[in-house]
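We just call them A, B, C and D in the order they show up, numbering each chain from 1.
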Amino acid sequence: MSGTSNETARRIAMLRDMARIRAFEREAVAAMRSGEAPGVVHPSIGQEGVAVGVCANLRRADRITSTHRGHGHAIAKGADARAMMLELHGRAGGSCGGKGGSMHIADFAVGMLGANGVVGAGIPIACGAAQAIRLTKEDAIVACFFGDGAVNRGPFLEGMNWAALYRLPVLFVCEDNGFAAFTRNSAVTAGGGPAVRAEACGVPATVVDGEDVLAVDAVAADLIGRIRAGAGPQFLHAKCYRWEGHTGTDAAAYRPAEEAQAARGRDAIRRLAAVLEAEGVAGAEIIGIEAQAAAEMASHRAAALAAPWPDPGAAYTDVQDAGAPA
Amino acid sequence: MTRMTFAEAARRALAAEMRRDPLVWALGEDLVQGGIFGQYRGLADEFGTERIVSTPISESTIMGAGLGAALCGTRPVIEMRIADFTLCAMDELVSQIAKVRYMFGGQGRASLVVRMPQGMWRNSAAQHSQCLEAWLTHIPGLVVAAPGTPADAAGLLVAAIRSDDPVVLMEPKNLWTAEGDVPDDVAPIPFGVARHAASGDALTVVTWSATVPVVEQAARESGVACDVFDLRSLWPWDEAAVIASARRTGRLLVVHEAVTVSGFGAEVVARVVEGVGPGGLRGVERLGAPRAPVPFSPALEDAMRISPARVAAAMKRVATT
Amino acid sequence: MTRMTFAEAARRALAAEMRRDPLVWALGEDLVQGGIFGQYRGLADEFGTERIVSTPISESTIMGAGLGAALCGTRPVIEMRIADFTLCAMDELVSQIAKVRYMFGGQGRASLVVRMPQGMWRNSAAQHSQCLEAWLTHIPGLVVAAPGTPADAAGLLVAAIRSDDPVVLMEPKNLWTAEGDVPDDVAPIPFGVARHAASGDALTVVTWSATVPVVEQAARESGVACDVFDLRSLWPWDEAAVIASARRTGRLLVVHEAVTVSGFGAEVVARVVEGVGPGGLRGVERLGAPRAPVPFSPALEDAMRISPARVAAAMKRVATT
Amino acid sequence: MSGTSNETARRIAMLRDMARIRAFEREAVAAMRSGEAPGVVHPSIGQEGVAVGVCANLRRADRITSTHRGHGHAIAKGADARAMMLELHGRAGGSCGGKGGSMHIADFAVGMLGANGVVGAGIPIACGAAQAIRLTKEDAIVACFFGDGAVNRGPFLEGMNWAALYRLPVLFVCEDNGFAAFTRNSAVTAGGGPAVRAEACGVPATVVDGEDVLAVDAVAADLIGRIRAGAGPQFLHAKCYRWEGHTGTDAAAYRPAEEAQAARGRDAIRRLAAVLEAEGVAGAEIIGIEAQAAAEMASHRAAALAAPWPDPGAAYTDVQDAGAPA
């Protein structure tokens, strides 16, 4: 295989991951809307390029921390999508045995240290994970995903300072989709933005078009390389757009429909597909990848619906060893 | 009287207070968009964005700014979105708001309201379902209220806004859409006065917040003659009424959604035992959550939920011990 | 056995554990300088500044980083300086550390220790004197320990470090300089086993932490035959021993420094009443702080302090009801 | 009176305030060491220029928030020094009736909204105070004092963003004395420092020599003028040095003695005295001012020692109205 075709294979893998994330979330939203999946789902549809472009540069030993909008991070890091779908449905065999749900998906086997229901809470956790990696002399880094809304929470400042101070191997990834729940984030954020704030605390920052997965990939490769080389933390500000509402049931009436429409025109999946086609990959192959992704996730959803509920007794396990509920 | 939801009752009560007193204002995330339960819907249109303030995701500062604003003479309503997020603002609530009047020898007061909708709601899982009322009853300086009906949602909010003390209002997330009759002109409900929700001689039942309708249903269906108290406020709470009832029935059941261990039910039991004397009681039970986080799956969450059937069974158990 | 202070016992225990297990490390403010009570003195010299880490004033991140480090296989000792500052890190403790194992279905564990020295100490006033143990007993996932002697300070710290559960260690600020005999080779003290500090048939007395020596003195001086339990750990706690004793004596006194209302004493009373049945007790009392912040002036602080004389008076009261 | 002599009178007043703060704290430390004053005292000796230079530009209606090291701020804002000394001694008649002590001194009558025992906690409070001032259309601003250690706490970020976002009338004053308790703050702080962090959040920042009260005065006058004119928040990074230990009993063994010695050579009081003498003020007048300050504070201390203890019943008052302790 030539270098180019190696590269193409890598890009096809990225396309596949993005397609899988999208397909996963389309099923997840549908399942939530139909009531088959309980609780609330926060889709990252339109933002797949960030998760995939970053995680394409991570190894299994590397760790990630994630957010309430974390399906994409998990899948891109290699988490078991079937177990995730079961988890979303609250079934036995789910990633967390049905105890976590969409907002608490974790897959420690692939270094996915957990989604988080608290905005910004992953930042200190990522710092400590990196500190432990340092202490145990593991060869690994941590990627810490969070939204643009998190830059207004205190732990953002604390974590940036902390990581810079101890020169920790962390890539901070601010997924800037423009909104914090129902509020346009620019309406509640002053100053020069996430990158400027990170730099003010000593973490070098780079801005990237998060809707261009190859751009994310290139920048992430560079930053992660530096981190592995011991340069300390780096910050990636990835601009993107949240196509859907805040949750699967939010109609996003607080923003002009044209805005979301325009974002759909910048779809990272279609853009990568166009690059691949220009590189000579057959349109049919691309269609096949997307169809396969759709089929995979539809089958996971069917499996989830057919899966048994967890045993009610599981509600009382894994609380703690000493003083566990009787 | 008009029939309306809990959220609508609370919304109207806040609007009425904001009309009455220009010093009342509200701050929190997404308030201009109506709040996540619709309890602020339309208020920004009427009162403008200087009185209905959509804030950044900055819980510490939402809480702390509320205090600063109170110290300068306004009456802020601090919206925490859900009680769990108050964990991001505990220093501001517990070490600042609750203590400021005392520490400064009475020079300043934190006349403000902290709204923290709490409890299980649609499989929100461990980080979005916690009940923390017991914590706040433990903190000197705070008044703690926990409405269980639309009328009380309105009346306690009005009381909280008019109170010169800092009042924490634990609104049950699961009841936002519950309906009930609400007075057209909402009067403040005095803190420390329980609602006597049912009368009976067999058993004293104490509850509040999300479990109020559950207990009421169980009392109707259990066949036990229950003397039911919806406490409405947990600090101060209506010790006198509960103790008098328990002295009469000799049996006490406390029902709450929060974890039983070190829940406010423990305080109720301890006070009643101290009040009537241990010899005065024949049966005592607390029905709350096990000491486990709230799980996501309906199959697991339901196993922990306080249902009318479980309450009715407890009523029968305690009434016959 | 060697006689030493509480702080020195804790310091040596940590040093021994750090020698034993290279995955044990500590983080907090001013640790390299020895910590504010000297409980880390000299440790940075022995273990280096990658294992004794002086941090910025960033409580949220001290706590949250401790969790991340535990999830990656180390065993952090998180130093909060004083319990009050934990209020700046409650989300990390309560919504993250306590729940992570459960939420993730057992994939990860927060095997870590959170040290939070607490209580009155040299007129520190309202923001530096709070006792928050009751809060933490209410939170599923946490083990809560509260030593009252130098030997237990060492033995519980060792147990906490070796525990796979997250353990919150409430060290009584007022006892750092208290002296006692400490085993030369400290063994972990199992959680949930009280120390039976005195035997008697007239009255069961339960206490922990700063009030342990106060209660011991009062028991000696009161003339009441007290069966005294120093709980040492509050979750799990030694219900069996306390209930058995209360069944025998028929009388229960719980003494703690924290505010009485919704303090852990309420849980003890409620459990004992549930355990022995209300008819099994003739006298019950809780002795704790009034529901007021801790004041600065010695004249006011002393009015609130739990003294041997006040405890002895309560012992006599309960023993004769 | 000529313009110059007006100006001189103003400077003499500043000298007097600095001398009063120093004298107050010398007495406070001595009282703490002797055990006459209970608890812990955090002296700001050496930092008087910041408090006085800023407060010289505030009006009575303006508010301040302060820190654990707050005696200087209080005195500079016009608080009753006698009541403060009584408070430090825990006596009846103290600023807070003996309930607060050194770390919780407040004097609402002059807009001093309170010292604070929690690092950084005054920042959100100051933001809210400014918001209330806006809402009630008061003509006033808020000055918010905090230390260099506070810039590593989350509320710092949140408060900067908040104040910039709502364009609040707040002057943030970072008193950078080089230390956070026993740790050199530069050892735990990454990046470009307090001013850079504030600017990253949209609050314009100015750095000043905090040991030069006239420099502080000039910059504060400018910044406060802008704030009053509606320009929104401003940030003042005042560099100084903590002459004493963290508390009255800390020997500060963690730093070279020469460093503190050098700082004593930059004493803001002596520097202003020199300027005044150059402007023709008699040395005797300056000596008199300092002697008077010392006498005042000694007499307050004596008064404090003679003052009655608060009635024990006061421990149970001013907790709350509803549900007050019985």
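What we mean here is this: a residue touches a chain if its C-beta (ideal position, glycine included) is under 8 Å from a C-beta of that chain, and two chains touch if they have at least 3 such contacts.
These figures come from a predicted structure and were not determined experimentally.
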Which of C-D and A-C has more C-beta pairs touching across its chains = A-C
Between chain A and chain B, what's the gap in Å when you average each chain's C-alpha atoms?
-> 36
Averaging only over C-alpha atoms, locate the centres of chain A and chain C and give their separation in whole Å.
-> 40
Cα centre of chain A to Cα centre of chain D, whole Å, reads 46
Identify all positions of chain B at which a residue touches two or more other chains, and write them in rising order.
-> 55-56, 58, 60, 84-85, 88, 91, 95, 102-103, 125-127, 140-141, 235, 290-293, 295
Multi-chain contacts in chain A, i.e. residues touching at least two other chains, fall at 94, 96, 98-100, 104, 116-118, 152-155, 158, 161, 165, 188-189, 319, 323, 325
Using the contact definition from the top, classify how the chains connect: line, ring, star, complete or other.
-> complete
Given the complex, residues on chain C that touch chain A span 23, 25, 50-51, 53, 55-56, 58, 60-61, 63-74, 76, 91-92, 95-96, 100-108, 140-143, 163-166, 191-192, 235-236
Enumerate the contact residues on chain D facing chain B in the complex.
-> 63, 65, 94-100, 104, 106-109, 113-114, 116-118, 121, 123-136, 138, 142, 154-155, 158-159, 161-162, 165-166, 317-323, 325
If you look only at chain D, which of its residues touch chain A in the complex?
-> 152-158, 160-161, 164-165, 188-192, 196-197, 199-203
Sites on chain A touched by chain B in the complex | 38-40, 87, 90-91, 94, 96, 98-101, 103-104, 116-120, 149-150, 152-154, 180-183, 187-189, 254, 309-310, 312, 314-316, 319, 323, 325
Going by the contact rule at the top, pick out the chain B residues touching chain A in the complex.
-> 29-30, 32-33, 36, 54-60, 84-85, 88, 122-128, 290-293, 295-304
